[in-house]
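Structure provided below as structure tokens; questions to follow.
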Amino acid sequence: MSRECTRCIYNSDVYPSLTFDANGMCSSCREYDEAIAYRIVSGPEGKLILEQTLDKVRERGRRQEFDCLIGVSGGTDSTYVAYLTREWGLRPLAIHVDNGWNSELAVQNIHNCLEQLGIELDTVVLDWDEFRDLQLAFLKASTPDGDIPTDHAIQAVLWQAAIANGIKTIISGSNFRTESTAHQLDRSYGHSDWRYIKAVQRRFGTRPLRSYPHYSLGRIPYYNLARRVRILSLLNYIDFDKETAQGIIKAELGWRDYGAKHHESIYTRFFHGYVMPNKFGYDKRYEHLCDLVRSGQLTRHEAVAEIGREPYPREQQEQDVEYVCKKLRLERSEFDQIMLQEPKSFRDYPNNYNNYLRLKRAANALRRWGKYPL
Amino acid sequence: MLLTRVIPILLLHKGALYKTIEFQNPTYVGDPINAVRIFSDKAVDELVILDVDASAEGRGPDFALIEAIASECFVPLAYGGGIASVADTRRLHRIGVEKVIVKTGAARNVGLISEIAAVGGSQSLTVSIDLIRGRFGRYRIHAPGTPLHREMDWIGYLKKIQDAGAGEVLLQSVSDDGSRSGAAIDIVRQANDVLRVPLVYAGGVGSLNDIPAIIESGANAVGAGSIFVFRGKRRAVLINYPDHELLERSLGPGT
Amino acid sequence: MIAVVDLGMSNVASVRNMLARLGVSANIFGNPEGIADDQPLILPGVGTYDEGMDQLERRGWLDVLKGADPERHILGICLGMQLLGRSSEEGQRLGVGRLRTSFHRFDADAVKVPHMGWNGLDVSRRDPIMDALPVEQRYYFTHSYYGRRDLNHVGVLATAHHGLEFVAVERIGNTVGVQFHPEKSHRFGFAFLKSWSDLACC
């Protein structure tokens, strides 16, 4: 019998290890509440911390051409971050990682945003032959996060670009309110685990990764301590709400909506909206919607209605499948086979999960003591 | 009213897109299929894809790749690189290429032009010529591996290919490739004096403002690579193309 | 299901791809075997007139096109339109004759030949196909021969201009000819093919 949370929209079918308290609130909500205490700041106290943080960024970057680095993808969060850096008088360098799946709208949005704000851009174009092979390897590995190849590369590029340009602060667009970690790790672990990525590539890939940007877990303390580069999630310092942010970037930067989160990348919308529900029986929208409900940006009722709709139009899903097969050089029958393969998880492959947990706990401890950016 | 065509020119090298400067120092631009899809979604006037290695490597077009690219293209697509026979052109048309572009093939054998035109019609065939600017501002043909390499009488060659049935001529100024410092207007004028078929010029276009002068000198269309593929001082790869209103404003009414 | 006629020399893939994006089912046929008498046809065309007529005959399409009911939905594109017409200066053979236009070569002393590029339309007459399209529309043309508009020809739905006025869209019964290439005219082409296929099929 499936049990539903009284606050968010998780239920025990979707999230089997969920437990519930006396009020019917789920353990994921409880994790969220516990973490949010130290993962964000807001209100007048928040403003003060923000000012101090910005001063530090400016100070640490004052002798360089750019005092911070921002990743841009054309999505809401990174576009809004770009806007804010200008509002607050920072001097950002924008980095875009082109993985070969940009939609036209994403490219247009990036272009408009940077033109309006007068921000310089560097693009790293991933070697398509290598990247395609890696994406295919992950599909064959049958694990539920298809965006690991992209996300890992983006993070690696950001570290490398920060060091190459003498920039001490990377400003990230991630925000705890609507992208919390209070979700099933099994569905989304692996973005920073080079050991796991390498293992999948060795097992299912057909060509060596020569130019693919990467970093091992052990480099993170090195980047932070030896190179003194920090990642700052700016949106955790303000009263961030999606709708207001979108309103601003639409009006000020001519930003146009994709219709749904992450739809700026054709592969991401395909993986989240087609592969995850059909192969893994998991609708990734749950995570974001639960967070939106918890942060008061959506009512539970609205979230329930949203999850009831198709992730995106059926016809477009079909076209995306065809496009993916075309780009990955897969026969439709091969793809169908992949869809039928038994789902696996990162635990089925060599990984660095334990060390990752240690690092994460260390970072969170530092955050609690105010020693590390949010 | 015939609108001037502004055409992104993309270079294929080892199955991927590149952009060059003076045909050297290629910058990797990435997957051609997605790039063409983006340009098509941007409703560009026309797209030119050139396989820069095919003739040098003595091979024909990569039909499988071109078919995949063409299937994402809902704007006119012209392809050049390694076309050596009528059979090649037939196959290209069937997989979605509107116009075939021959350069080396024609420089080796002008008869190829008439053969192709006889079968596909002139409008399906563009002949391309690369020119290098030498001393005293004089131009010569750049066609390594063919009898026409370093030939000074490029005007004579223009007449020949027009007579042979070319439906359009693509004139590329190698010296200006990738420079974005302005077009070689002089050769446009000279070409326009002899050509009755449409003329496409490419090389050195640094911004939309360069285009009116090229059109006034007699070109019917302008090709460019760098401005549509790079953005900003740091030459970051980011596909862009002006929207129709901006194009009309930049090129002038009724162009 | 629309049948796209394959003469071995034309851009059949592009037409089918655009229809697929519109959600309209279409298949490519080298010959008329297995096609119903009322199935809508699209005749794309790249190439020369006589070769086009030869291929129509050799592949068995000539009789089908000549004998088709006036109500049958047939769309000719570029050379396809010309083949459906009366005749062309480009060739010796006569056309199918479903459309009433004859084709002549552009004067190379007056304009650049071929007519190659984007051009707008002057709509001559109201018609359900044209009514569904945006007022500001442009399409990609690439041809050396143009359809001359005879004075009393009520079948002309739209003309275009290249040195002179020529037939861009013609309709007789349910046979439609377009001199431009909708399959390469991006959003305008999508709109046109949608408008035509809404009428023709589905």
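The letters A, B and C name the chains in turn, as written, and every chain counts its residues from 1.
Please note the rule applied: a contact is a pair of C-beta atoms (placed from the backbone, for glycine too) under 8 Å apart; a residue touches a chain by one contact, two chains touch by 3 or more.
What you see is a predicted model, and the numbers here were worked out from it, not measured in a lab.
Distance from each chain's C-alpha mean to the overall C-alpha mean is smallest for B. With respect to chain B, maximal separation of chain centres occurs for A (centres as means of Cα atoms). The mean-CA centres of chain A and chain B are about 40 angstrom from one another, to the nearest whole unit. Between the CA-based centres of chain B and chain C the separation comes to 28 Å, rounded to the whole angstrom. Here the spacing of chain A and chain C, counted between their Cα centres, is 49 Å. The set of chain A residues that touch two or more partner chains is empty. Multi-chain contact residues, meaning those touching two or more other chains, occur in chain B at positions 71. Of all residues in chain C, those that touch two or more other chains are 21. Chain contact summary for the complex, chain C toward chain B: residues 6, 8-14, 17-18, 21, 46-48, 51, 79, 108-109, 112-120, 138, 140, 142-144, 161-162, 181, 183-187, 189-190. By the touch rule above, chain B contacts chain A in their complex via residues 15-16, 28-31, 33-34, 37-38, 41-42, 68, 71-72, 231-234, 236-240. Note for the complex: chain A touches chain B at residues 96, 98, 100-104, 107-108, 110-111, 114, 120-123, 125-129, 132, 266, 323, 326-327.
Listed in rising order, the residues of chain B touching chain C in the complex are 1-5, 40, 43, 45-46, 67, 70-71, 73-77, 90, 93-99, 118-124, 167-168, 196-198, 220-221.
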